[in-house]
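Presented sequentially are two complexes of subunit A, the first with subunit B as partner and the second with subunit C.
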Partner chain A sequence: MELYEGGCELKLLETLEGHSDRVWSLAWNPVTAAAGTPLVFASCSGDKTVRIWENTPSHSASWTCKAVLEDTHTRTVRSCAWSPSGKLLATASFDATTAIWENVGGDYECVSTLEGHENEVKSVSWNASGTLLATCGRDKSVWIWELQPGNEFECVSVLQGHTQDVKMVQWHPSTDVLFSCSYDNTIKVWAGDDDDWQCVQTLGEPNSGHSSTVWALSFNASGDKMVTCSDDLTLKIWETDNIQMHSGDGYAPWRHLCTLTGYHDRSIFSVHWSSEGIIASGAADDAIRFFVENRDGLVDGPTYKLLLKKEKAHDMDINSIQWSSGEKRLLASASDDGTIKIWELASL
Partner chain B sequence: MEDIFESSLHLEETHFEEGYSDGYKHGLVIGKEEAQQVGLRVGFEAGEELGFYRGCIEVWNFAIRVDQTRFSDRIQKMIKQMEELVEKYPVFDPESESVQELMEALRLKFRAISATLGMKLEYNGYPKMGQDPKEMGF
Partner chain C sequence: MVFELINANPVVYEKKERRARSAPSDYSDEYAAEPIDQQEVFDHVRDIKDPEHPYSLEELKVITEDAIEVDDMQSYVRVTFTPTVEHCSMATIIGLCLRVKLLRSLPSRYKVDIRVAPGSHASEASVNKQLNDKERVAAALENPNLVDMVDECLAPSYG
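Let's turn to the complex of A and B:
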């Protein structure tokens, strides 16, 4: 890719303050920026609120908080996710509920509340078609919900299998296969036939898996590779056979491709694979790192190299890092320091 | 000639054996009583929980008969599945390997149905799903 030839730098565009506690997670609205509408993203925090931020079109470096979603969750909001249509926002909280918000003429209304988890809900994810929602939490279970007319949700399945706190759930970008990662060091793959969902694969230490808590996972644009990050200070790349996956047989097994060691010396809490193939990681050492595939001399298969490291990106642990889906290489990072920073990865 | 000191030489051994034998007999009796108590309690708990689920299913089935349109196909299917699990539970065979599995499957189904129906009803008798059974104290 031509970008990296001349080198690149990470430019800080803006630091957003507003939350009164650590910011846990952020999510870019998938629909904005595509049609020329301003970029929008949501952030959620230990202050029990969710904030919606919008980029003012006139100043490309200016972001304002358009809405504060409060008085609903009674504890930390840990994770948020937009539906593919960009119309609904799901927020997962330590208060054991998941709230669904709808943008009604600029105001966000809580249109549904999903209860069922026994304690803290840690993550929420929509499938590619926006018909299914997955949640997971400290009670070790993964729940799958189906969206019904009138913004109602029906529980499709409650999945047991992880032996510890489940940190994140993420749907595959093009098929209805669900992935979860946990404090039990494994990644589980769940596939369903009608309402019968099962764990079809577990990626653990025997499969060259992580040796400590897996915090997050992210897919590449084509959905045939996935990156996971862990307390064990490594990033692992996994791959699958894309053709088999889409052939309608349901599911194709994943295998370990490579491990990125020696780049991080603190837990890696977040990882996100951009549509162009740049992997961004956010870690407990307050730094952001970028990795790309190493095209120079393929040995046994693709390897990855460090493209750039931004130290002291924040004053404290980085909890979440997310690329925006737009033309510019914009990304947002959220930290324990209570701020959100907007960056641009630019060529020198 | 019989050793008249035989018995006094092995006094310690004799006493030990007597004591052991007494204790063993006593233990058998107490052990059985205790086991009966535990069995009674565990049986009661299992029965109470099963009964609770049976009751819920009966009420739901009744509600479905009253107005079928209010319950989606999926919910009706789940209730049916839960009913099958209750029927399958080996009430008269507590040593069966499937008791733990079936009870857990029932609890999961119950939680899924309550979540969809928006019911906040909880059965208070059993340990929470996330809890390690070893942590449970009796």
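Let's turn to the complex of A and C:
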């Protein structure tokens, strides 16, 4: 698959308004876009609500807000994540709780509330099988919850280790290894089972790590590479040994592969690696950037090049950027300007 | 409750005279937006009250016009402030006040960086990092007690 030999452009398909405060995060429902069902995604905001958006099948370019999840969180909703089955939505809030919502015939009901964090919860992530949930927050801890019958959750581990605010947690796409990134400038890798979890690796400055807050991380499709973005204005690519990772032990060490410097002028808040290998970044300079592997002349291993930069993609900071899981190269971006934009990366 | 002031005897300076803005002589440009400059940004912040004393940030020389960098074309502002004492625990509050005032006063296209003057504070890096972490600032501003404190400091600056 050769990307854009003749060049490409980022087309704005639609701008979605509705939230009355900044939009912090969004998440595509993983099950839709398969077998002709309409695309669905959730967005969460400083207005304390979560909105569910659906692409109306009869008008391919038209998105409508199907539901507003309100009167539950009492503060900013910072992050949301769908379970792999697409049936449950977890929402993390500054009110120190994580709510679990179930779609019951078009209406979303809050079926569970996870309490325990001492203050703002910043991120939530489901593992690949949907049996485990991870949350993290300003209290510097990472919590692992196990799904029980009846949509109940039991906390199986509270992981201490980060020395500051934890910004994001993300499970590996195919193994039950958890990754977290923090205001303490490091990325931590956590492995274990049942209630025995440990930090098995810390990627910090000594390992060519970031020199300021790490805001987000994303894995490539095969799970042997990850990209991290930071307040230090760089993206870093890390890799691991896939074979070792899948062999019984379930964990293999990660090492720094390369750093993308000089492309961003302000903090990079979000990064997402598409299933085809395109890395999208959303930053505080209102721009979206795309990077791909540079196949021209492998010197010391793969490097990455800027494919496209879209300046002024939004009027204010971009907080989240996410590729949809469907066929078309669709992505959504969320901003401080209160809007969500749907884009298509198309060949010229 | 802290009963001892961090800095019980601050040095109070004279306020700089306020220059009237001159009206544009060319009336065909009447509706053109005037570029925002150093003086305008200073005018937004000079009367913010210090959290501990009944004096403005200007009077305490916590903020001066020269310590404000503006690039209107780039929609960028950087404000450097000097706490009155090196271990000032009010530094983050002052920084937060500056940020909130500018958020409410400048067009939303503006990117604002706030920092303490290099060498003026014992935890300089830590204070700067907190003040420029948008998520931390947003969470802090959801704390009603903190917002009340900020609003009290900002009240005199809405002249």
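The rule is short, and it goes like this: the second predicted complex is superposed on the first by the 346 of 348 C-alpha atoms of A that agree within 3 Å, B and C clash if a C-alpha of one lies under 4 Å from a C-alpha of the other, contacts with A are read in each partner's own complex, and residues count from 1 in each chain.
Convention: a contact is a pair of C-beta atoms (placed from the backbone, for glycine too) under 8 Å apart; a residue touches a chain by one contact, two chains touch by 3 or more.
Being a predicted model, the structure only gives us computed values, none of them experimental.
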| item | value |
| --- | --- |
| Comparison of subunit B and subunit C by subunit A residues contacted | C |
| First (subunit B), second (subunit C), both or neither touched by A:S85 | neither |
| Touched partner set for A:G46, first subunit B, second subunit C, both or neither | second |
| Which of subunit B and subunit C A:M316 touches, first, second, both or neither | second |
| Touching partner for A:F94 - first (subunit B), second (subunit C), both, neither | second |
| Partner chain in contact with A:S275 - subunit B first, subunit C second, else both or neither | neither |
| Partner chain(s) touched by A:E154 [first = subunit B, second = subunit C, both, neither] | first |
| Touched partner set for A:R266, first subunit B, second subunit C, both or neither | second |
| First (subunit B), second (subunit C), both or neither touched by A:R138 | both |
| Shared subunit A contacts, counted only where both subunit B and subunit C touch the same residue | 119, 138 |
| Subunit A - residues contacting subunit B, complex | 114-116, 118-119, 138-141, 143, 146, 148, 153-158, 160, 195 |
| Contact set on subunit A toward subunit C in their complex | 22, 46, 75-76, 78, 94, 119-120, 122, 138, 165, 167, 183, 212-213, 231, 266-267, 284-285, 315-317, 336-337 |
| Contact set on subunit B toward subunit A in their complex | 72, 74-75, 77, 104, 108, 111-116, 118, 120, 128-130 |
| Subunit C residues touching subunit A - in the complex, by the definition given at the top | 108-109, 111, 129, 132-136, 138-139, 142 |
